[in-house]
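For clarity, chains are labelled A, B, C and D in written order, and residue numbers in each chain start from 1.
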Amino acid sequence: MNLYEYMGKEIFSSFGIPVPSGYVIHDVADLKPLSGSVVVKSQVLIGGRGKSGGIKFASDEAQLKEAVTGLLGTKIRGYTVSTLLIEEKINIAKEYYVSISLNRTERKPLIMASASGGVEIESVDPKEIYTRIIDPLTGYSDYIGREIVSFLGLQGEVASQFRSLLSKLYKVFKEEDCELAEINPLVLTAEGKVLAADAKVVIDSDSLYRHQKYNVTDPEKTPLELEAQGKGYSFVEMDGLIGVIANGAGLTMATLDALTLHKGNPRNFLDLGGTDSIDIVVNAFELVLKANPKAILVNIFGGVTKCDTVASGITAAKAKFNISRPIVVRLSGVREEEGREILKNNGIQAYSEMMPAIEAVVKAAGGA
Amino acid sequence: MSVLVDKETRVIVQGITGHQGKFHSGEMLKFGTKVVAGTSPGKGGTEVNGIPVFNTVRETRHLNPDATMIAVAAPFVKDAAFEALDAEIPLIYILTEHVPFHDTMEILYHCRRKGVTLIGPNGPGVTAAMDCKIGIMPNHIFKKGDIAVASRSGTLTYEIVGALTRNGFGQSTVIGLGGDPVVGLTFIDVLKMFENDEATNKIVLVGEIGGTNEERAAEYIKSHVSKKVVAYITGRSAPPGKRMGHAGAIVEKGMGTAESKIKAFNHAGVEVAEYPVDIPSLIK
Amino acid sequence: MNLYEYMGKEIFSSFGIPVPSGYVIHDVADLKPLSGSVVVKSQVLIGGRGKSGGIKFASDEAQLKEAVTGLLGTKIRGYTVSTLLIEEKINIAKEYYVSISLNRTERKPLIMASASGGVEIESVDPKEIYTRIIDPLTGYSDYIGREIVSFLGLQGEVASQFRSLLSKLYKVFKEEDCELAEINPLVLTAEGKVLAADAKVVIDSDSLYRHQKYNVTDPEKTPLELEAQGKGYSFVEMDGLIGVIANGAGLTMATLDALTLHKGNPRNFLDLGGTDSIDIVVNAFELVLKANPKAILVNIFGGVTKCDTVASGITAAKAKFNISRPIVVRLSGVREEEGREILKNNGIQAYSEMMPAIEAVVKAAGGA
Amino acid sequence: MSVLVDKETRVIVQGITGHQGKFHSGEMLKFGTKVVAGTSPGKGGTEVNGIPVFNTVRETRHLNPDATMIAVAAPFVKDAAFEALDAEIPLIYILTEHVPFHDTMEILYHCRRKGVTLIGPNGPGVTAAMDCKIGIMPNHIFKKGDIAVASRSGTLTYEIVGALTRNGFGQSTVIGLGGDPVVGLTFIDVLKMFENDEATNKIVLVGEIGGTNEERAAEYIKSHVSKKVVAYITGRSAPPGKRMGHAGAIVEKGMGTAESKIKAFNHAGVEVAEYPVDIPSLIK
């Protein structure tokens, strides 16, 4: 789960990482009197916010009001701005980059730092980036900070601030179950203070039960995907014509792949999961129907999810939603015969192999 | 001898009184697995499917368990794994989905330091056809043979194993690695085991988008694996940035694409099937 | 460093471990109005406080005043009572024992629990005691608590309170650098609440730099031992006649042992440590002289501490304190000849072997 | 080959610019030890005794260190040890006194899981006469020979090694275990090494009051050590409950007495010297 900048900064601040002073508003009426120059930052979860005009500066009340009214309610790359962070303007002497993330290849945390901050880290020469895989059992220890300040050429008081901040950033990463805790830019001010001028924090969604304070709607998800998420389905909308219901993430992906290779592009990814229940099948149909596919393919390899349960779900859904568009079913595995019998009685012929079902549904949708 | 488990493997189930624990311990018994005990705090002295239930893993020590299946809810998995580690059980399989990866990292590296094998989380387990099954794979799909299968997904594994069996290709060991971004075993780990396993002559790898596990395996195969390997990769049609069911199945910043994995395997001389059902014709 | 009960309870309380409500007084004037029956507990660092009359009960103001005046200033087994803990009287339904300590043999923490609380744990049948060595890297995890409540036969709400308390006790042990964190008795009240009715906390003295809030004078130490501690010496007073100054804990102990076997009992243990300084030698003499020995043995194996430095220290001390009692010196190792020369010029003959020096000092002190 | 260190061992000193680091790195050089680098944050680029100084251990990697001596102040020891562990240096010796034992426990078990040997804290180090010295033992006391010495104290070790040398008994390896309640090596650990060491024919153990390290060693000797072992135990005259200089040298609740240790050694057929100077006559 991606957190908004202001949420990331709230977390940073609670761990003792210095951030610019500021506050959040949702309405121009929430503005507090100005006590100096400020920056007004749109809270959206997409990159390139500055270039898209999502960040404005103000040094008097009129400019501030103009900036706020000019940003609230507008769209940045398709996403509506409903929240602004009003922050003191800081005097930037130098911009750095630091992040801690999960490195999937090593299955360990990765810490990165660079003196080239304020730009996308991918655009920085790797030689200019300090990287170190962290042993998750010993965790962060000060020698890593000492290596980093040595790499960045920092000394004295600034180096101490950096080391202290890095140790706290690792605490954030670990205690808040982050996939990513990134500060870009990490600013050294003209006054010699080290500050997190931005915050990109991604929390492992599987850990949310122990961080119930976060509740961010993923802006990249479509309304239908959000509805599916609320109902506990893994669901991804795609731009094809064939609705897909399958069981298991791997089998569902394989089904999409097979459809695509047969030029019968899928309308969605929907994994029934490992629960054996008629209702889960019926509700899956409801979701897929909302995506309005030309035909629906159900691909089941019965194990914990039994074929007869799925068959009953299909017939129940067909009746409940009065489905007239083609439904192609493939049933294999546990209680396959019973399932086929149930469908047959309801006028649906079920395939036992995957490939004929793929071909049939592509044909039914009017494809190749 | 098969890889990891065999006829003699003595298994306990942590969380045996839950829905999953109850159902799958019964299925494992039917498969022939020696399920010697289960645990469930406060339910010691009862039975599930005729299997004795104890309050703690420590109380099962006299039964000398060789492996445990952890089937407790995600928030309790780390504690259950630490309990198993403390009892020095040499193989830990975690069935549970949605375990925070920070927990899995801790579990994994504690397993490493104690020489314990971790399978999962969020995978179907391991089966040595027809001798022992630990996990949730359907009983009826297996046939004993010389093909080892390792996969990042569950149902797709059954599809492929089912196809192998129908075409007369039996299996030595089938391992589901798990669909999370951090899991106990990598393809390289299992390739090592399969290469050294006398019962295995050919190897099937079932990969998916996300991470670089397959690319690394391809490199490893070039120099370390003499047995025939074929593969299937799923997620060719997945839109970038979207998690496809598994927490680990996501293409991010151009990393972990199906193309990259297929290319890597081809470079290593590993044929990659277009469809799951093509695996039997490639392996023969 | 042993902490007083009230300090241990303050720590427990700050970690969320429930303790009876109470307050500390040093003077009868500090008493607060009574709101129910209380127990008045002398804060002394020795066992058997209750049996020695150090604990009194009071249920009205008169009793309370009497108890307080009766305890403050009195001596319990030689130690003066200057602090009292006034605590609500709790209704004990059952007493348990729990502790976490360093097990030196395993070099790991050891957790112990028993349903036989309120008595010395050494007197409890080992079969009645749950013990488990804890892996310091995984630390305490709830399964240990579940084992303990299972062992103690606890269930439901009381079991939950126990598990929560045990997890906090491990945090105390680790985060406060304890050698021992013991609750005896751990009380289950008639109202079903679990409370730490006593607290025995021993902090690793080497960790005090990160726990500067503790400052307890060890009541087992003599005034001279405390003075030596303040000056940075390892010093133990003993009841013999021969003062000892040596370098290294092992060599110093070996010197005491050799003296004892020669029936020349030592007056003290004093280890010069590994610093090469004349002043350290002079100050060591000052301490040993305060113990008023019949003769003084200096036993040096020169390494980092050089023999000539020690020799100069001896002659400086002899002059400064005008020492007339016999000083026997053994010098061996680095700069041995130079040291012997310095001493010879000041009328002291130095042995190069340990045993002749032992024999000489025993004789000089008038021994066997 | 000697135990733990030899002529080829490449040593770095963490905290080389401090008082101890400076002095002892010079002494080690004189002994013939290959001190290849030192570290001191912010002092990279300087030299101590002609030894190059770096800011971090990572920067010394190109010098392939085999061992490190940690000579930083107690509050920084854990971090220094983790730095050495991360750089995969296979032997860590901690000179520093007064390290909190909770820190040492962590260091020790992280060393264990990475297969790293920990010596100390609070001990004089290890010397393979006359090939390599890591630590603070005086250079002049050694003579090459076939006697291995392990001790819980510093100066007393020198006393005994000096007596051995004077009497013509050379040493293969001399190890100071350290005077803290938690240290890296136990007598059993070093007995294993000495038993397998071709350069060692006889063994001297120097124990002291506190803990049960000596009692365990005695048990171990009975069944695992074929070489001649003699011992000296100090602290016979120590009053109970008093720490005798070393944090670990204390008799508590009747545990860890000199009597118990002497008795255990005698039961194991290990002669125990009355005085340190008696060791040469027992070993011959």
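In this section, a contact is a pair of C-beta atoms (placed from the backbone, for glycine too) under 8 Å apart; a residue touches a chain by one contact, two chains touch by 3 or more.
Predicted, not measured: the structure shown is a model, and the values here were computed from it.
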Label-sorted list of chains bordering both subunit A and subunit B is D
Taking each chain's mean CA coordinate, subunit A and subunit D are separated, in whole Å, by 53
For the pair subunit B and subunit D, the C-alpha centroid-to-centroid distance in angstrom is 45
Distance between the CA centroids of subunit A and subunit C (whole Å) is 56
Each of the following residues of subunit B touches two or more other chains, namely 110, 113
Listed in rising order, subunit C residues that touch 2 or more other chains are 135, 137
Contact graph of the chains (line, ring, star, complete, other): other
Per the touch criterion, the pairs are A-B, A-D, B-C, B-D, C-D
Contacts from subunit A onto subunit D in the complex sit at residues 135, 137-138, 141-143, 146-147, 150, 155
Within their complex, subunit B touches subunit D through residues 112-113
Per the touch rule, the subunit B residues reaching subunit C in their complex are 41-42, 44, 55-59, 76, 78-80, 82-83, 85-86, 110, 113
Listed in rising order, subunit A residues that touch subunit B in their complex are 102, 104-105, 107-109, 122, 135-137, 174, 177, 179, 204-207, 209-210, 220, 234, 236, 238, 246-254, 256-261, 265-266, 269, 271, 274, 301-304, 332-334, 353-355
As the complex stands, subunit B meets subunit A at residues 23, 74-75, 98-102, 105-106, 108-110, 113, 136-138, 140-141, 151-159, 162, 179, 181-182, 206, 208-213, 216, 232, 234-239, 241-249, 253, 256, 258, 274-277
